[in-house]
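I've put the structures underneath this note.
Here come two complexes built around chain A, the first alongside chain B, the second alongside chain C.
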Partner chain A sequence: MSGKAVRQYARMSCAGILLAMLCGIGGCSGSGSGTQPSGKKEPAKKADVVVWHWMSDRDAVFQELAKQYEGQTGQVVDFQLFAPSEAYSNKVRASAQTKTLPDIFGILAETRDFASFIKAGFVENLTPAMEADNSQWKKAFFEKALAMETFVEGNQFNVNPGIYGVPIDVMNIQFFYNKDLFAQAGLDPEKPPLTFEEFIAVGKKLKAANIQGLVSGWSEIWMINCLADNFAWNLMGRDKITATLKGDVPYSDPDWIRVFSLFKEMQDAGVLATGMITMVNKHAEQTFANGKAAIAFNGTWGVNVYRGMNPKLNYGVFLPPKISDKYPVAVWGGAGSSFKINALSAQKEKALQFLRWMTEVPQQKLLADKTMNLPSNKESAADIIPALKQFSAAMEYAVHPSQLPYSEFPRVVEAMGKGIQLIIIGSKTTQELAAELVALKQEEMKRLEAKKAAGK
Partner chain B sequence: MRSQMFYRVKRGAFLILAYTVLLAVAAACLFPLLWMFGSALKTQETIFSDFSLFPQQPHWENFVVAWTQANFNTYFWNSVFYTVAVVLGLVLFSSMAAFAFSRLDFPFKNALFLLFVCMMMIPLPGQFVALYVLLTNLNLVNTRLGYILPQIDAGQALAIFLLKTFFDKIPKDLEDSARIDGCNKLGIYRHLALPLAKPAIAVVVIFNCLAVWNEYLLAMLIFSEKKLMPLPRGLMVFQGTHLTEYALLMAGVSITVIPIIVVYLVMQKYIISGITAGAVKG
Partner chain C sequence: MSAVLELKKKYTWKDAPDMLTSYLFIVPALVIFLLFGLYPFLQVFWLSVHSWDGISAVKEFVGLQNFIEVIRDQYWWQAMKQAGYIAFLALTFQNALALILALLVDQDIRGGNAFRVIFYLPPVLSGIVVGLIWGWIYDGNYGLLNKVLEVFGQGQFARAWLADPKTALTCVGIIHMWKGFGWGFVILLAGLQGIPRELYEAADVDGAGSWHKFMHVTIPMMIPVFVLVMILTILGTMQIFDIIASTTNGGPGYATEVPVTRILASMLGSSRFGYSCAQAVVFGVILLIISLTQLHLSKKMKQA
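Right, the complex of A and B next:
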């Protein structure tokens, strides 16, 4: 072999070795993980409990709580943030496949997926712990928040009845209003509308004063459906809505037509801001925070968002306007964020102790003060800022589709949201939407029957 | 004389039109960068009320705050390391594979090449669960190697495709003359094919630098320890579930784009020189 060839091989080998070293060293240096709870490697500083979460705005408080807990108990809790939520969900699903979920984690998915995790044996049933000592822990929570974590006897997902999650905060969606703009339009800033008629009258006055009315993220179907649900619960009550979901009451029922027509009335009266149905919630929040719209339909998180965007914003909160006296006013809400305990974890007991501590009043108060989220422990809600207090008080009116024994088909839910959008812009009538929903519902029910029959 | 004038005016008008279009395109490309930089100098409140491109009271400290709050000290160097390692590995392996597909004869060559090309159709996120299972079994979850290898693998298909097409165009005569000069297959690859493929390699480097530098989803999947995470993890600090700290986020993004702009400018020179060199050679 010539000297030239030898040099050439030597250079190539060096490059290869350099690359291998680069990768190899990196591989070694990164392997000191403490993050695989059922893991194969020893952590540098061993955590007693590992928590995976996606809440980037709460991470700093979680770390603070973990330090406090370590100081009080000597137990090390390692909060690991994986955001955004899509990346987090990917990680949780992949980890479930390899049975490497952490001791505590959250599930960002529909009830159906939550049920799948439980049935696969990944989520611990917390009922015994919740009901111990005369249900002391269970009683500390808002009832509606815990309902979101509970599967009742005979549930449609065939999950063993029980409580499978610990809510760490709660949320509901109401109306925020700008007191200064109300005064500018000649309205009493301390008297927000209580009934739908008053709401329409407010909208007309705002329009007359050349002030944009209601803003909300109604390009996102779920937000438009929230308000439709509120109206429906107030007008029909739980039983009739359940009957609708079951298929016993059609969407062509006059009460449903009335629900759809309320959106048309709002549009005709000029209550809705320009471009409502293409508005994303971020834009709606920005518009309201800048004082360019008088009313916003938004969730509890709005308190934190508006504080960040415009700390001087002078606003109040009011419940969805009453449509009927027959049933109570309803607000869409329930659990905000919750944690589950890994049923396969060797540290289940420690995880349970930590979550119990985390949902006690002082810790919940700290979470509420620092993050402006509504605490899940109802006792800690007594000492929070006024706007949050109003949200907290409304938790008794909170309703959520998952509280019902039946759930609506996703296609029907989507069609309803889109249909309401079309009603607002005048491209569809309430009757047309009702007929479309009836047809879709029948189609889906037939498909379900056929599936069941094939299953048998 | 008159016609000369006519052509001069015509040419002038054409140049004005061409430069106007080019300036408009350049402005459209630069505006987001300028907006990002301007926003990085505002506060969380003024970002929603001050719509000027450059604020009257610039907050230069946002860059320092972003760097420290986002822990860029760690993430920045992690990203540099991952980008260098992935791009080095990718260029080495893909150029060798592309040379083999282009210049060597072996059974099922075309079928294997097609398989590689098919890999371009499968995006990395689509492989996440399978990849996680594989890496867990190989004990590579939460290691740097476990993050680098899948990215080298993910970039192979396009890189091999680009480089093979380039190697195919190298005249056989050049290869023969190299052989007469005493080069074996590896020598031809090292002394002939690789230098001629500089423009294609520059494209591979730019594409992959950008992809690796901005990669985040795979990092979230593979890493659990913060100290191993790449740069985009730092930016997440400013993005709450409902509230985003836009000014700091823009300051953070401004910091992250600087290295990639530098790489682009450096590599762009190679692409242009490669193209012009090829043109002269005819």
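Right, the complex of A and C next:
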């Protein structure tokens, strides 16, 4: 090959590569209504509304709903699935940075992150739409579910008060129990424990019958904190918990010590399955579904999971056992999944119309029937399977940290979960954990005050 | 000689098109490197001196505050120590096993190729899958390990291996070694096969036995390979994550936390992107120091 030919070849190659790169970069930056998910063979119709979601188990129903909506209104809604949820979460954060979020998206994060999205101007305030026509849309939802999408006046994140999301389904976490194993242990399968004492007695009877007691994904500290929260709400009530979060009540308070000690009591009574503190929830679900454990602490989604794993599983559901009569029993829960409207989108109105349609009774019922999730629309929850009905009824007791005006520092939340793990295995005492949490809380409060003083 | 003269040639404007053509060849690679290599790398340094939640447009400059906090973070150093412990296990037991197997397969044994494939299987498996399988082996209730102990009358040692802080880290280390020894095996085997056979023949002529040949021919010739394997082992082990995520999630308590899980906890658990970048920078510097020290020591060993 001559030198001239080589040069020509090089120029053409470089130009080609550069062009491809530019196209690639251009493709990366594409967003909103024009973006297509990978893997589609044919170019889809231009979408009026683009929705990014992470719910692989609900994708087929979402596509079905989109088709129905197009049939009814002529509007094309493009549901784009990005799973797993961690990848989805990262994609949403990255897209926020480049201002390329779609018309509708979800935020899989803590309340403080949700607040950051709002403050950065990425989330539309839906209060006017929710409260239009005598709050018709607002009234359709479970109150607790909508509370998680709401920022009240004077919230600690300094977010303008309002409703910033539309719950698609709701969830709460309760105890599932295997009726056959209860009967095998000589327990009445129709009488699950109501109080903590009864719960401990059940655990002892199961142990005596050589049946594993409680399983749950307690390697994930949020799940262990769920039960701690339930106990705390029942023992202390909303005001004292709020005071703790605010920093007015220390974690060394006897009520908090009592909450931590309950885990030790469960362990000592043999209620907890061996190795539970490093168990991932999927493993816990398999163990319960296979009849190798009698009780599971799991969320609403468990109904669908257990149906898939063992359709013949004969189970019931009960509320967290009562610790005290002072305050109502609490169930950790609220919105399961929800969608937000991109405040920067040119299709805000179309997006709003679609979400309004999606949360109407027929669509919510279809979602509940096909995915076994609890609908966020109260009316459509009237006609669901019995197991889900129990979860629906428990929404009355649902509590969630995001309902409170203050939230705990992440380091304290982590230390509490890890500390309870160590209490369970006897590597830490309740007093030691309380002291650690007090010290951490003080440290974080000081940092916050210093930040406030500096006007940041 | 002519090549040397060619190098010393003075370039004129006439050569510009040729030179431009040459540079055009590296433009795509350069752009990709700058965009996906250098820019994110520098961005980590830049973020490490800022406080940022990963969402808001404002990134507050905090100077060295994040680094000071990393230095004071007891769980960070506990995680470093724990990763160091697994790295120690890998450096010793994993690499010893890899070397023994490499020496055996190097002996032209029957089915050598089959062994190569078998030994190289664990590294190609997903860490998550490996973690889940071993999680079943270590399970406190129905785990294979406890069953085996019972069969051999050692039931008193049965336990929830991954939920006990005394055993969890070592158990995770064993999983990591099982998954990782294949890498060392392949590299060490390639190194062994690269040693000129004449050296062994000469040693035979001199009357050297197997042990002497191993000590005075194999070991010295393998030093660069050992260094490579050691560096890769340390770098790979210190960055262990997937096995931890699928077995213990860092628990019980902080017993199996490693630097990557701490970085992830700061980034996604607490939304402290600046702090997590500071952790990443500290971690990178430590790994760099370890690698340079190792290279330095290996040079000294070679000279000796």
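Convention: the second predicted complex is superposed on the first by the 413 of 456 C-alpha atoms of A that agree within 3 Å, B and C clash if a C-alpha of one lies under 4 Å from a C-alpha of the other, contacts with A are read in each partner's own complex, and residues count from 1 in each chain.
We adopt the following convention: a contact is a pair of C-beta atoms (placed from the backbone, for glycine too) under 8 Å apart; a residue touches a chain by one contact, two chains touch by 3 or more.
This structure is a prediction, so every number in the text was calculated from the model and none was measured.
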Touching partner for A:442 - first (chain B), second (chain C), both, neither: neither
Of the partners chain B and chain C, which touch A:135 in the superposed model: first, second, both, neither? neither
Applying the document's definition of touch, where does A:220 land relative to chain B and chain C: first, second, both, or neither? second
Applying the touch criterion given at the start, work out whether A:93 contacts chain B, chain C, both or neither, answering first, second, both or neither. both
Chosen between chain B and chain C, the partner touching more chain A residues is B
Does the superposition put A:431 against chain B (first), chain C (second), both, or neither? neither
Going by the contact rule set out at the top, does A:310 touch chain B (first), chain C (second), both, or neither? first
Just chain B (first), just chain C (second), both, or neither: which does A:156 touch? neither
Quick one: classify A:116 as touching chain B (first), chain C (second), both or neither. second
Of the partners chain B and chain C, which touch A:273 in the superposed model: first, second, both, neither? second
Dual-contact residues of chain A (chain B, chain C) 11, 18, 86, 93
Within their complex, chain C touches chain A through residues 17-18, 21, 24-25, 27-28, 31-32, 53-57, 60, 135, 139-142, 160-165, 168, 246-249, 251-254, 265, 268-272
Residues on chain A engaged by chain B in the complex (per definition of touch): 2, 4-5, 8-9, 11-12, 15-16, 18-19, 22-24, 26-36, 40-41, 54-59, 80-88, 90-91, 93-95, 97-98, 100, 286, 289-290, 299, 301-302, 304-305, 308-311
List of chain B residues in touch with chain A within their complex: 44-45, 48-49, 81, 84-85, 88-89, 92, 125, 128-129, 131-133, 136, 139-149, 182, 184, 186-187, 190-191, 216-217, 220-221, 223-226, 228, 236-237, 239-243, 245
Complex contact set, residues of chain A against chain C: 3, 6-7, 10-11, 14, 17-18, 21, 86, 89, 93, 96, 109-110, 112-113, 116-117, 119-120, 122, 212, 219-220, 273-280, 283, 287, 292, 410-411, 414, 418-419, 421-422, 424-425, 427-428, 456
